[in-house]
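Which chain is which? They are A, B, C and D, in the order written, and residues in each are numbered from 1.
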Amino acid sequence: MSVVARPQAPFGRRIVHVTDRRVAGPYVALTARDRGGPAPLAGQFYMLMTPTTWGGGADGRPYLPRALSFARAVSTADGIALDFLFEGVGPGTDRLMEVGVGDELLIAGPFGNGFALDGERWPVLVAGGIGLAPIVALEDELRELDGVRATTFVGMRSIDHASAAGLYELEHELATEDGSAGHQGYVTDLVKAHLEEHAESTVYACGPAAMLEAVRVLCAELGVPSQLAMESGMACGFGACYGCVVPTKDGFTRLCVDGPVLDGSQLDTALISGAPH
Amino acid sequence: MPVEFCGIELEHPIVNASGTYDALAARRVFGDAFERNFPFSAYVSKTITLDPRAGNPPPRLWELGQGMINSIGLPNKGLVRFVEEDLSEYATLPAPLIVSVMGFSVDELIAILEALDGRDEIAALELNFSCPNVKTGNIVGSDPVECEAMMTQLRAHSDKPMIAKLAPSTSRPDLVAMAAESAGADAVSLINTLPGMAFAPGTSRPWLGAGSGGISGPAVRAVALGQVVRVSTSVRIPVIGMGGVENSRDAQQLLDAGARLVAVGTENFRDPAAGNRISAGLAQPAESAANPD
Amino acid sequence: MPVEFCGIELEHPIVNASGTYDALAARRVFGDAFERNFPFSAYVSKTITLDPRAGNPPPRLWELGQGMINSIGLPNKGLVRFVEEDLSEYATLPAPLIVSVMGFSVDELIAILEALDGRDEIAALELNFSCPNVKTGNIVGSDPVECEAMMTQLRAHSDKPMIAKLAPSTSRPDLVAMAAESAGADAVSLINTLPGMAFAPGTSRPWLGAGSGGISGPAVRAVALGQVVRVSTSVRIPVIGMGGVENSRDAQQLLDAGARLVAVGTENFRDPAAGNRISAGLAQPAESAANPD
Amino acid sequence: MSVVARPQAPFGRRIVHVTDRRVAGPYVALTARDRGGPAPLAGQFYMLMTPTTWGGGADGRPYLPRALSFARAVSTADGIALDFLFEGVGPGTDRLMEVGVGDELLIAGPFGNGFALDGERWPVLVAGGIGLAPIVALEDELRELDGVRATTFVGMRSIDHASAAGLYELEHELATEDGSAGHQGYVTDLVKAHLEEHAESTVYACGPAAMLEAVRVLCAELGVPSQLAMESGMACGFGACYGCVVPTKDGFTRLCVDGPVLDGSQLDTALISGAPH
């Protein structure tokens, strides 16, 4: 169970100003100053768009806002400094790539449930690619709870991609697909080795659907609880449209309000058709 | 801008389009601020059916440059659980409740109407004759003869104001609306989504789990304006106009076109407080043209 | 990518949509280069009528975010001057000629068909059953019964291949297409423009001189894809698919959806050589998905 | 009769690079290097759009290309240096305002007829506001024909707007509506005074519909020929769509192929409903 109650999102959307922009390999990290919202829980997300020229990309898109996890949330005297980490994979993220310091973003949130921390068991954090964002946030959250030390595994395509973890000085073990740094292969190789030694863990994972599915199967086999931060196409983020459902053992579940973090045991598969990437 | 609709006094003409705002979920997400700033002068529920429905398999959304295609497929708890679990919760919302209903046969619809008829929580019923996401969904709403026949049979089974929600897939929406009116509808609403399809990127397979879906958002605004003009000048009963409304300028245009109320749909997804923004903008006619909000 | 259409051998599947390319004007503007690089494998004329028409009063265009509304209203010289002045000029274009025709009654259409039947310059006829810009224009193209009746009467009056151009304003385009097929149509084409309206900025008066018009361009692409899929799987005669095609990816999708030919309309306005670009892009299937052209 | 034959537009559209950008009051002048097209005639126009983010403005527009007269065309070893002069009045010109040196434009043209020069009579050029563009071009064209000296009148809202004429060192008499420079009032006051003295003139005019109509009526009264460069909403610019028609004594005429310059005697009015501005 999460030790913190899910915070309430301010009603509507609000303008935030971008105060920092960093590049790490193919990824961009934007920091925005949120004066209107509460401190979010790791695993929660925001719906983002730009106030101008949202549209005009391929096929005239983007039109709907885009769901982005926050990667770090630092409370300051002047609101929450929210970090978003992303890669240009389509018209929405391409437009966000163009956003610079001083520019405005329109955000709504924080939305979704966030990870439910299990104080009893050893937290094992697993990030794949851009799935790093909520894992950084979770590591921050755990560090603030005294005494909780997490083991973190990160899988990336290459050393170039892996530089994103450096933006957040994340202590982690690395796997790269091309072997340019850390273990050559999938991050799930590392996770498997770890869990076989430490069955008293709970796994918190975010990454591509195939990785999440491998984690889910692995955890199920070893009897380790897993919490999977998933993705699906979202129009609203606050339960209005019923567009973001994923199949679970209880039927279709709206990922924006009953997720994005689902317990592995709720799922027959984490391979969701039509997931963003 | 108070407005009267089927005997109900409403604070302003902006309501939500059915299926585009789960107010119970929004209350959980946004808390008190949502109720204090309730975006709509009346609340229209997502369409309910007699039996529970899981809805269509995902993916259910496809984005367009100026809108989207959805194939949600009317997921809902079914009549019994709606009445038992949700109705009393809806009744606590700070706006009159309009319940949207759909049936796969006249008998189903009659069963729903009779179950809801005595319920004081419900101010009016919207008959969804036009969902493109269920088979045979939009025949009634696009064919004058079918519409009149259906409406005539239903009329006897409810004393509540009945709003017929029409389909845009017709060259004569005016005739369909007149048929509904003559058979006793108290109002008509339009437009529902336009049937459409998209292939998954790089394939020749439909993207949407259900194969095809319904187009909404600004892409359909010009269709909506044309049909609302045509219908408003053909019937005496009030019209709820909708389709692509993004700002108070769009809403004002539908009002000028003859609509009594305007429903906001897809824009809610981009801005949960779109209803507030749009009704506030209507109150300031001078600025709205130059800088629509 | 040669393709056979109603017995005509075409070099590739890209033609123009009727009314979106005045090839005689383009030849004057662009000269030889236009003929050497003729963008279409067959040329479809603007719709002609029995009597001359001036067309609708301006303004005739309204721009949308992803398309436009037009209320051109079929201006043309009328049958007699078309045959006397234009037909021989069209015959010199480097592509087979398809003549689009419209009538306000069966008799008018029969008169046109009979006048054109002997003309070897004409490879096929397109029957415009679906212009939203003339009164009663699109009933035939959206109603199976009307369509079958009309087509049956016309069939006897021409030996040329006849293409029925259908209206998108129906929930059952498949039934309309099947009606055309059963009455002897050799092909169907779809979609024509969707009826729509826009108000002049800051007013509640229609912008277009004719009041309302027809929507075309990318805004209607998802509607077109859905209808082409539905019609192609319901008839055996070839289908000309159109609606919002901007690039070879869009054209390929309509081909994958079952269309034999694909017509390019509004995109010609943004790029006079759109047809060349799109047919060239079809020849390179590998790249087209990633970087549509 | 024009002394030069109407040049043929290259088939299709082409990319040109912007080599210069200047600002004069509310107006922007872009110079683009056209390596593919012929030298245009004064009064002809091009259809312009940007290759990227054309769209994403108000209501998702612009979608169609925009018709712009050229203001100056200088033949160089490296193609024609084409000048376009405009003001941001909507999503299309607003987007063009953002274009900078080094950016690309997509153009098609030159389209339309251009002014038909009448060698016998004294050329009187009349520009109103942004209608300056083709008048500058015509003055250039006349200057190149030996011996031809034009009299040019320019009407602007204010001295700020009038600075656009300075970009082209245009010799002219000025009227401003607010009297901040030159004659206070309408440019047609100056034209009237001139024509009453010099009936042997031909008037070439471009400007807002109300100005063109005043010029037309004035010329008709004085028996002076007038050539009016007009505007209407255009989708294609090359005769394809029949959208740009204006009513003339011969019925509806496509302004893009039979104009944009019409003889005043062809018109019952120059007040066109739905003209761009």
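Basically, a residue touches a chain if its C-beta (ideal position, glycine included) is under 8 Å from a C-beta of that chain, and two chains touch if they have at least 3 such contacts.
Quick caveat, the model's predicted, so the values are computed rather than measured.
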Between chain B and chain D, the fewest touch steps amount to 1
Which contact partners do chain C and chain D have in common?
-> A, B
Return the chain pair with more inter-chain C-beta contacts, choosing between A-C and A-B.
-> A-B
Rounded to the nearest Å, the gap separating the Cα centres of chain A and chain C is 48
Could you please state the distance in Å, as a whole number, between where the Cα atoms of chain A are centred and where those of chain D are centred?
-> 54
Using mean C-alpha positions as chain centres, tell me how far chain B is from chain C in Å, no decimals.
-> 34
Report the inter-chain centroid distance for chain A and chain B in whole angstrom, where each centroid is the mean of the CA atoms.
-> 34
Could you list the positions in chain D whose residues touch two or more of the other chains?
-> 55, 59-60
Per-residue multi-chain contacts in chain C, two or more chains | 64-66, 218
Sort the chain contact graph into one of these: line, ring, star, complete or other.
-> complete
In the complex, chain C touches chain A at residues 65-66, 218
Would you tell me which residues of chain B are touching chain C in their complex?
-> 62, 64-66, 69, 138-139, 142-143, 167, 169-172, 194-199, 201-202, 204, 206, 212, 215, 218-219, 222-223, 225-227, 229, 252-253, 256-257, 289-290
Once bound in the complex, which stretches of chain D touch chain A?
-> 52-57, 60
The chain A residues in contact with chain B across the complex are 8-13, 49, 55, 59-65, 108, 111, 232-236, 238-247, 251-252, 254, 257, 272-274
Please name which positions on chain D make contact with chain B in the complex.
-> 55, 59-60
